[in-house]
Amino acid sequence: MNILELNGISKKYDQEEILRNVNLKIKKGTNLGLIGPTGCGKTTLLRIIDLLETPDSGKIVFNDIDVLNSSKKEKIQIRRKIGMVFQKPVVFRGTVMENVAYGPDIRGRDKNELKGKISEKLESLGLGGYEDRDASSLSGGETQRMALARVLINEPELLVLDEPTANLDPLSTEKIESIILELKKNETTVIMATHDLIQGQRLCDEIAILNHKIFQIGSPEDVFSKPKNRFVADFVGVKNIIQGHAEAASEGLSAINTSSLIIYSSESLKGPVHASIRPEDITISLNKVETSALNEFKGEVSEISKQGALVNVKINVSGEIFMVYMTRKSFLDMELTIGSPLWIQFKASAVHVFK
Amino acid sequence: MNEFLNGMLQAINLILTLNPELVEITTRTLFISLSATFIAALIAIPLGGLINFKKFKGKRSLINLIQTLYSLPTVLVGLFVFLLLSQQGVFGDLNLLFTPTGMIIGQTLLILPILIGFTITALKTVGKDLTDLSISLGASEFQTIYTIMREAKYAIMAAVILGFGRAISEVGVAIMIGGNIRGATRVITTTISLETSKGNLELSIALGIILLGIALIINLMLNQIQEN
Amino acid sequence: MNGGFQEKQILRVSTTTSLEDTGLVDNLETAFEKEHPNIDVQFVSAGTGIALKYAEKGDADMVIVHDKKKEQQFIDDGYGTKRYPFAYNYFYIVGPTSDPAKIKGMKNATEAFKKIMEAGEANSSVKFVSRGDNSGTNSRELKIWNNTKANYNSSINGSSWYIETGKGMGDTLVIANEKSAYTLSDSGTYLAFKGNITLVPYLTSGKDLLNVYSAIPVNPEKIKGVNYNASMEFVDFLLSTEGQQLIGNYGKEKYGQALFIPLYGKGEPT
Amino acid sequence: MNEFLNGMLQAINLILTLNPELVEITTRTLFISLSATFIAALIAIPLGGLINFKKFKGKRSLINLIQTLYSLPTVLVGLFVFLLLSQQGVFGDLNLLFTPTGMIIGQTLLILPILIGFTITALKTVGKDLTDLSISLGASEFQTIYTIMREAKYAIMAAVILGFGRAISEVGVAIMIGGNIRGATRVITTTISLETSKGNLELSIALGIILLGIALIINLMLNQIQEN
Amino acid sequence: MNILELNGISKKYDQEEILRNVNLKIKKGTNLGLIGPTGCGKTTLLRIIDLLETPDSGKIVFNDIDVLNSSKKEKIQIRRKIGMVFQKPVVFRGTVMENVAYGPDIRGRDKNELKGKISEKLESLGLGGYEDRDASSLSGGETQRMALARVLINEPELLVLDEPTANLDPLSTEKIESIILELKKNETTVIMATHDLIQGQRLCDEIAILNHKIFQIGSPEDVFSKPKNRFVADFVGVKNIIQGHAEAASEGLSAINTSSLIIYSSESLKGPVHASIRPEDITISLNKVETSALNEFKGEVSEISKQGALVNVKINVSGEIFMVYMTRKSFLDMELTIGSPLWIQFKASAVHVFK
């Protein structure tokens, strides 16, 4: 069952179209990641979902209720089932306890009974003992976690998170992420905007790439490895993108003709295309080897940069640049330096073709 | 300026001897002005909240009108309420003319625009973020208004203090509706007027100082309330 | 009478500020209430015009003013039953000690006014301050100007020596004092302000300056609900020997002279 | 309540016929109250800024005192300035008593506490973040105060409108210091008082309505200024 | 020359000690990264450096001036040489142009002359054409970039950045990072708080690990690979940390005795210690191999998780868990599954020992 459906949502600010015909269907219990460049409309879309902003056109269906045409009272009832943590968390005057108790309070729950529950929630978010702190004196990360507690205490059916870990260090991020994953077990649906692609991959069942309209939506695996178009490819950081013209070749393969190379792909798209090969799918050898890989080219090292546990090596093959990741160890073993000649190999099935 | 020194001495003397007429007038003054402030606040704060949060046509004009009523001369309010409460007026049967209740009505009307207007101003300064937060957490319209009020409580309390100041210091309404009747509707300001017109400047000054002293005490108390 | 436990009634008397300023009404109220414990007398003081308006609207049961022309009008219109004159005194013509218009020693108010007018036109340091507020005192002032045969509207009102304050007697005296000007004042207010100002009285008696105070109960037939009985009780008290003595003695202690001359049943002086 | 209808008609009539005395009184009223508002704003806004931003001992008490002065009865201010300006007063030589200048001084003193107090309240509502931002960007103390003022301009303008309303509607100062002298210091409120005491209620109402009309125009203009 | 020196800075809020005896010396032109868990005092320290907060004790020397004892005027002069971008960026009422022009304005620069410069700066931060937008309507990332423009336009000698890319997507982050690296060429000193360790590694010459006091300061290489203590090790995400007792062994080596293994290290620290081995320094083989690595153990695969281009494999060796990174390719080649037996090898020089 879909907990939320957006149909043809559009929104303009001062003539400028921020969202254009956005369609989304979210199944109960899924985690949807909303990813896109800054200013692409993520926050706007989330605010529309939280009923804080009214779209210029389109339809919103929450739990089978047509939201935009429902009464004020119904809207409040719906909003009480949705919890949103804002990108720029603001606090009410008062203590952390008072801030977190706000939601239960306005729902008429007994405050005293809740005190224990709130303390537990704070504890679970690493804010144990913060009950009586002045909320406005919290640090950036503390504020963000308090904002999460303030929403979670209401046990929302749909949790809307706008960059929930933007102000957090890795340890706190890990904690929040595990809480988000935990929620999934309770059938809580989560929509989160994030600019951290890895985080999206880790937490989400579905990823939507947004830039005023939705460019691609699908499983993280699909979106990251099979971008449907150049925008998504660039944005998700697909590294080896090559332009060319694809034609049919033998055995269901297609041959992509770039200005200097012919690359074989097992995908069938024809015409002017982009092809991409993931760096981790490319192997390197100092000498030509016999493998099953259809694509083998000679090139030379053009750039080396270390990044964490890995080394990025860029290899120039007749003008096309291929990026390859190596572990430090194999990098050292091969004794590569700028200009070293080598061979690269990749399978036809590792070549993704898109428009 | 000797009069001021003497006035001050006389004020101290009046207070120390607990002059019975002074006590009576002061009690009445406080009762009337506090009641008016209380009633006006009870009406103005929610009303100001509604006006601020509701979107409707003519809102800007309404606010302009309210701000214009800051210039309401007390005599005009006095006259208006007098005509309403006089035996021949619409509410003549209630026999409220020349009574403290009538004065409370007049002062309430006088300070309502200020209280409404400054409630609106106070609420305007609370960021939209907080309104959004409250709505997002599931608050009803009423609850949101209440929340934003609490955020603006400092400024709203300042408006209430102002309203009280206006009520306790005005004389036009008190004299037109109260009639400055000894033992019934005489308050500090009307006494000051009377004594000034009698030429008792020092007594007037003494009473003025006492009025300010009372206002100080009330303000301290209102500030105390606001802290909690 | 239900054994004296009658419900307390209110008698509302509207009067002019100048009379209230003398403080006489407070004494009358106290003495009357002692005799009539079931009547609560409430004095409402205002300008003569509004004081009569209160009565016309039924918000006062009786008026005490000192403006014969307006009083007659009030009765002719059916609002008042009858004038009950109970005391009189004289308006004072007061002025700066330097007396630039040289009215000292004059006996006739009309002549004195004429002189002030002439001096005012000739000499910029001579000024006259008028209340200009349609009060009893102001009415009398206009009457005296009329007696001078000068055209008030063309040659007095608006002249540079003639200042209109539109204020009560006390304030007007203060302004006259600041401006070293002449003015017409009721005796009570002048005596009350004597300590604060340097103006001195030049003319203090005579037909032109006669100031009669009278009480007029509101007509219960014209205005429903007014307390006519209590009004008459108060009139009776005013005219009683006790009341007249109280009026005759008022002010002796404070000002060294009586402020009012009671009529003791004699006819209204003219 | 017929008086109100008649008053309104009379107001229209007075305006349409451009009654010369009305024009004179109105012009004077505007001149005096606008001048007082302008001077008071010139003093109060920077002073309020200083008080808000400086940390000093007794600050809380000072603000309490200022708020107490909201209750300053106009007669008391009138009396005070009167004693200063009278021939025997300290400033007697300046001959300012019974002049519009004297009235401006009195009204300025009357509305100063309100303007200072509400400037402080207005500034208090601007978040500390913005102060920090301004300081961090290298602003001097004065520049920071100016910046925060600009952020609070809506609330400060509301205070100015209030001050103007208080000045134009008050009568105590106008009558004590001005003396309500025809052709010299008579303003709308003192005329209303006079006409009321004469029993000309309808004329009083007409004048009151005209006063409010003027206030409306001024408020619209002040709001316009604030928009820019 | 040191542009900034902090000596013994301490700061308490409500009895609680937020900063304890912080000492820092920053050379002109360096990039210092401030890293630490949320609530550790990063923002507080940066605010003290920007002279917004006064420390309870300690001394601040900026360009040889004793800051805390200087006059108000001098403080303003110093502040004008420091630019800070706040963690929670706030905006002045008005347009983007007005916001960015604020600094030059109060410095008395001619606004009109600056217009072109401001537009350029906005352009360089991806905000071209935003001049007349209402600043309060910007998105999270746009606001953060505007805040950076607002500071950069004043050409500060010292740039203080509080989580400068927390609200930015990867592309914008890259842009900001390149701008920060650019500034280095102009001798601008940068102090930045960040919770992104990789970012710290990429941008900073020095890293300080803060948790109320400074736990370690040094080059990123040092801090990340040679943590001085367990707090730093945990925080920077050092993965294979093993407790044991170190004793001298032959040839300058030390032998670390854990409950179940003996690990050789080329470092000389003795007594109760922690040892760490970076996942990328561990090799894996299906059979025992002859290598120069002194440490070789038999274990079995206990956990497998994919992360971006890499696969994380956890290997259980007699109860101690070792984490190893592999490329997807070699992972697939070795056909590992949970429970697969294998051998791990690492050199004694790859074993870092600390207290």
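Odds and ends about this structure:
For clarity, chains are labelled A, B, C, D and E in written order, and residue numbers in each chain start from 1.
By our rule, a residue touches a chain if its C-beta (ideal position, glycine included) is under 8 Å from a C-beta of that chain, and two chains touch if they have at least 3 such contacts.
All figures in this text were calculated on a predicted structure; none of them were measured in a lab.
Separation of subunit A from subunit D in touch steps, taking the shortest path, is 2. Common partners of subunit C and subunit E, by the touch rule above, are D.
Ranked by how far their CA centres sit from the centre of subunit E, the chains are topped by C. Separation between the centroids of subunit C and subunit D, computed from CA atoms only, is 36 Å. The geometric centre of subunit B is 59 Å away from that of subunit E, both derived from CA atoms. Inter-chain centre distance (subunit A to subunit C, centres taken as mean C-alpha positions): 91 Å. Across the assembly, subunit B contributes residues 127, 196, 201 that each touch 2 or more other chains. In subunit C, the residues touching two or more other chains are 46, 171. Contact with two or more other chains is made by residues 88 of subunit A. The chain pairs satisfying the stated touch condition come to A-B, A-E, B-C, B-D, C-D, D-E.
Those residues of subunit C that touch subunit B in the complex are listed here as 12, 17, 20-21, 23, 26, 29, 40, 42-46, 57-59, 168-171, 192-193, 195-196, 223, 225. Chain contact summary for the complex, subunit E toward subunit A: residues 13, 35-39, 42-43, 87-88, 137-142, 145, 162-163, 166-173, 195, 197-198, 201-202, 234-235, 237, 278-281, 283, 307-310, 325-329. On subunit D, the positions that touch subunit C within their shared complex are 86-87, 97-98, 175-176, 179-184, 186, 190-191, 193-194, 196-201.
The touching residues of subunit C, counted against subunit D in their complex, run 46-50, 52-53, 132-135, 158, 163-167, 171, 175, 178-179.
Residues 47, 50, 52, 72, 76, 79-80, 82-84, 86, 88, 90, 92-93, 102-103, 106-107, 150-151, 154 of subunit A are the ones touching subunit B in the complex.
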